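Following: one structure in structure tokens, then a few remarks.
Each chain gets a letter, A, B and C, in the order it is written, and its residues are counted from 1.
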Amino acid sequence: MNTSEKKHKDIKASLFITCLVDLFFPQVGESIVKIFRKLGIEIDFPEDQTCCGQPGFNSGFQGDARAIAKRFLSIFNQDDNRYIICPSGSCTSMVRVFYKELFKDDPQMLEITRNVSSRIYEFSEFLVNVIKAEDIGASYTGKVTYHDSCHLLREIGIKDEPRKLIKSVKGVEFIEMNLHDTCCGFGGTFSIKFPDVSASILDEKIENIVKSGADTIVSSDMGCLMQIGGALSRRGIPIKVMHIAELLASS
Amino acid sequence: MSREEVLRRIKTGLRGSQTNRESKEKSLFLSANEGEIQGRVIRLRSGLAEKKWGLINRFVDEITKASGRAIVTKGEDEVREFIINLIDERNVKSLAIWRTDLLTSLREFLLDRGLRFASPGNKSEMAEVNIGITEANFAIAETGTIVLISNENQPRSVSLIPPIHIAVMKSDIIVENLDQLFFLVQNLSEPTSCMTFITGPSRTADIELNLTLGVHGPKELFVVIHL
Amino acid sequence: METKRLRFERDSASALKNQKLQGALRNATDRFRTVREKATGEIKDWENLRIKAREIKKHTVEHLDQYLEILEENIMKAGGTVHWAKDGNEACSIILDIARSNNVRSVVKSKSMATEEIELNHALEGAGIKVVETDLGEYIIQIAKERPSHILAPAIHKTKEDIAKLFAEKLNTEPGLEPEKLTNVAREKLREEFLSADMGVSGVNFAVAETGTIVIVENEGNARLSTTVPRIHVALMGIEKIIPRFEDLSTFLSVLFRSASGQKMSAYVSFITGPRRKNDMDGPEEFHLVIMDNGRSEILAHEETRESLHCIRCGACLNACPVYRKVGGHSYGWIYSGPIGAIITPQLLGIDKAPDLPFASSLCGACRDVCPVKIDIPRVLLELRRRVKNNKRTRAGFGERVAVRLWRFSMEHRRIYSLFSSLSYIVQKPWLQEGRLKSLPIPFSRWTRHRDFPPISKKPFRERWKEIRDSK
């Protein structure tokens, strides 16, 4: 404990909570804070934050998305010595990958975007790749399977990191499910624009989760877990749904 | 005119984009000089000669995987023997054959045996042909492909209309991969109206993705390799 | 050609309920994915090959007019004739003219998406000319009077029993034939057609500018027969099918087969340069290439979506797509389906004809991973979504505009955001069952139709932070 405090005492972070976690799954945010404190990393929460703008951007409302993105950047640019930690692959990719498209005609904003983008990390990415912490000292008894959320996998390129973290948890038996890297059908507003198609894709994901024999499903995006969890509870399937931060905060 | 209209639309569409458009005078195709090409051809050929057995084995492997049959023979006698056996086995009445140096003595041999050849230019004659015999001008080891170049002595329909196709080839025409094939074809042979890559007999997977051999093209392909 | 507006939700509804189709789609896409993975895994520098293919296509499209002129020159040198068509109607007219002036009574056709795009069969048949599709899958759906459901395997939605029944009904064969026998029936019936047809029509997989060569790939042999036996060969190509040099074929053939069907090479590849030569014994006397625009120059003009023209029609994106896997080809309303259909249909037909398609995707990116020419399909989809919202005829309805305004307003004003969240916490109470929201009013009912919705937390994280911040 002391060594890690010393090791990370120069690292400072800000939590970008994301609307889904803030409103529906605040315990994920609490888990992240708990883990960071355990690791001796100072983490704060810029209280003015709201959204990164992705829902508007993905729906084709670029002007509206840009306004919200500007606000996001101004909030998270106030202290540029801090890493920005985000419990969502899709929100992270919005800032890191898509903001530069939103501001491609605005050199001043582009500069700010570059600064903020260089500091933002998805939660598991940060743990494994930045502070090289693969074992947080967590413990959880269960058969755990992991769903690769699309943006985290394909826009950020994170695949092994969450698995390393999960496997390090004492008591966990990790099971790789079939088609673990296939979309769950959430796709943001896609899930309500084309609900029947979304549900059909979800059906196969549930099938694979159940077939894997796992009693716990873990992912890095609450959007996916809302989609998956919503189907599991509708069908009365008693598989636990957890964000990876919740798993790592277990003891 | 539509030609001008289509070209105009394209030019207009590209105007103002960040592309580096070379002027018409500068050729879009870099051409190496003749000597350089010949040098490369010679080096390639000698490199291939060194790998001869590896190439033959790879080629035979791949064409077999593609459901073609490869027969390695040591001489003209074995070639004739294979073909005559097949003719007897399949009750062949009519043949079609290319007129090439490699196939001359085979053709005469078969004529002597009383077999008759259809004229490739005659559709109804070709419709009755049981076996078409061609040469292979090149072969590609990596994919198990034979390459046929058509001309006045090497008509297309011989390898296409009959249900059985036999291609006779010398073993030194095998190249390793597509890169080498296109290089040699472009620099060694005259452009003709049709070149064909053949990799095994004809096939389809259109019914429930089940593989069925022998759709419209030949049902069987035999490649006789003349060492 | 299509004047009706396509509706994805309606068109996909029956596909989702069709258990047989669901099984066929799952089977087919699983198979294609497996063989594709194996075949591409065998190439050591597969990624570099894709990059090279993309760069060649990008360069070609950026000099498209120059390469088309070179292609035309070289085809004419080889004795062929080149025609230019601004749109599908003109392409049909050109081909009809060629047929009429040569007293063509029957045409054999090999598989070509471009000819389906312009509904060529309809035009020829309207003029009293018999048209026979010779690709087995296309032959099957021609008899069934249906549209293709997959770029590579057009009859994938039919089981072998379906096809046996179809042949028994329409061709008077014995009932219940196995695939091998069905194939034999097709071979015999079509053999007569090949030998008696006056004209063969084909598509073009690649047109090589440097040599004036068109390349046709296939497994069955029907394209070879259609382009060898009849006296006239007409090839139809979209302007984007061109590649610069003969040697570029090495790159494209390497990526095409492995991406499409997991083969190293298809059974046949024909490289055709003009009609038969003076002393040739066979081959067509006349070779005509019809170069067609039909909306492609419009795609070219938009830099953000120009890469849509790189497509080599391999079908890999269809097999990777979680949406296609569930809805199948017919749901996309036109001949191009899957991710590539979602981006080119709105661009070729007009954004107002297919405003749903750019949204019929979860943006998962699996298509981009498998595209041999690295088209960034999700990016193009996002750009098309912007166009839909900015287009007077397809922009957001009143409800959606209100929702976006509200969303933006609350996200720009934290206190409003917090107010909304507290209000929602209260308002949701009547709908809470066992701690979950099982049914909600429109539009949230679209979610709760199939799954539960989580309740808004009594204490969102930002309120908990006040306590956590000060504790240790």
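A few points about this structure:
What we mean here is this: a contact is a pair of C-beta atoms (placed from the backbone, for glycine too) under 8 Å apart; a residue touches a chain by one contact, two chains touch by 3 or more.
Values in this document were obtained by computation on a predicted structure and should not be read as measured data.
When chain centres are defined as mean Cα coordinates, B lies farthest from subunit A. Of all chains present, the one whose mean CA position sits nearest the global mean of protein CA atoms is C. We define each chain's centre as the mean of its Cα atoms; on that basis subunit B and subunit C are separated by 31 Å.
Centre-to-centre, using mean CA coordinates, subunit A is 55 Å away from subunit B.
Those residues of subunit C in touch with two or more other chains do not exist in this structure. Taken in their complex, subunit C has these residues touching subunit A: 8-9, 12-13, 16, 322-323, 325-327, 358-366, 368-369, 382, 385-390, 396, 404, 407-408, 410-412, 414, 417, 421, 424, 436, 438, 443-444, 446-447, 449-457, 459-462, 464-465, 468-469, 472. Within the complex formed with subunit C, the subunit B residues making contact are 1-3, 5-7, 9-14, 17-22, 24, 28-29, 62, 66, 119-121, 123-124, 127, 140, 142-145, 150-152, 155-157, 160-161, 177-179, 181-183, 185-186, 191-210, 212, 214-218. Across the complex, subunit C meets subunit B through its residues 24, 27-28, 31, 62-70, 78, 84-86, 90, 134-137, 140, 153-156, 158-160, 163, 179-180, 182-184, 186-187, 190-191, 194-195, 210-211, 213, 219-222, 224-225, 228-229, 239, 244-247, 249-250, 253-254, 261, 264-277, 279-283, 291, 293, 297-298, 300-301, 303, 306.
Residues 17, 21-26, 29-30, 33, 37, 44-45, 47-51, 53, 55-62, 64, 67-68, 71, 150-151, 154-155, 182-183, 185-202, 204, 226-227, 229-231, 233-234 of subunit A touch subunit C in their complex.
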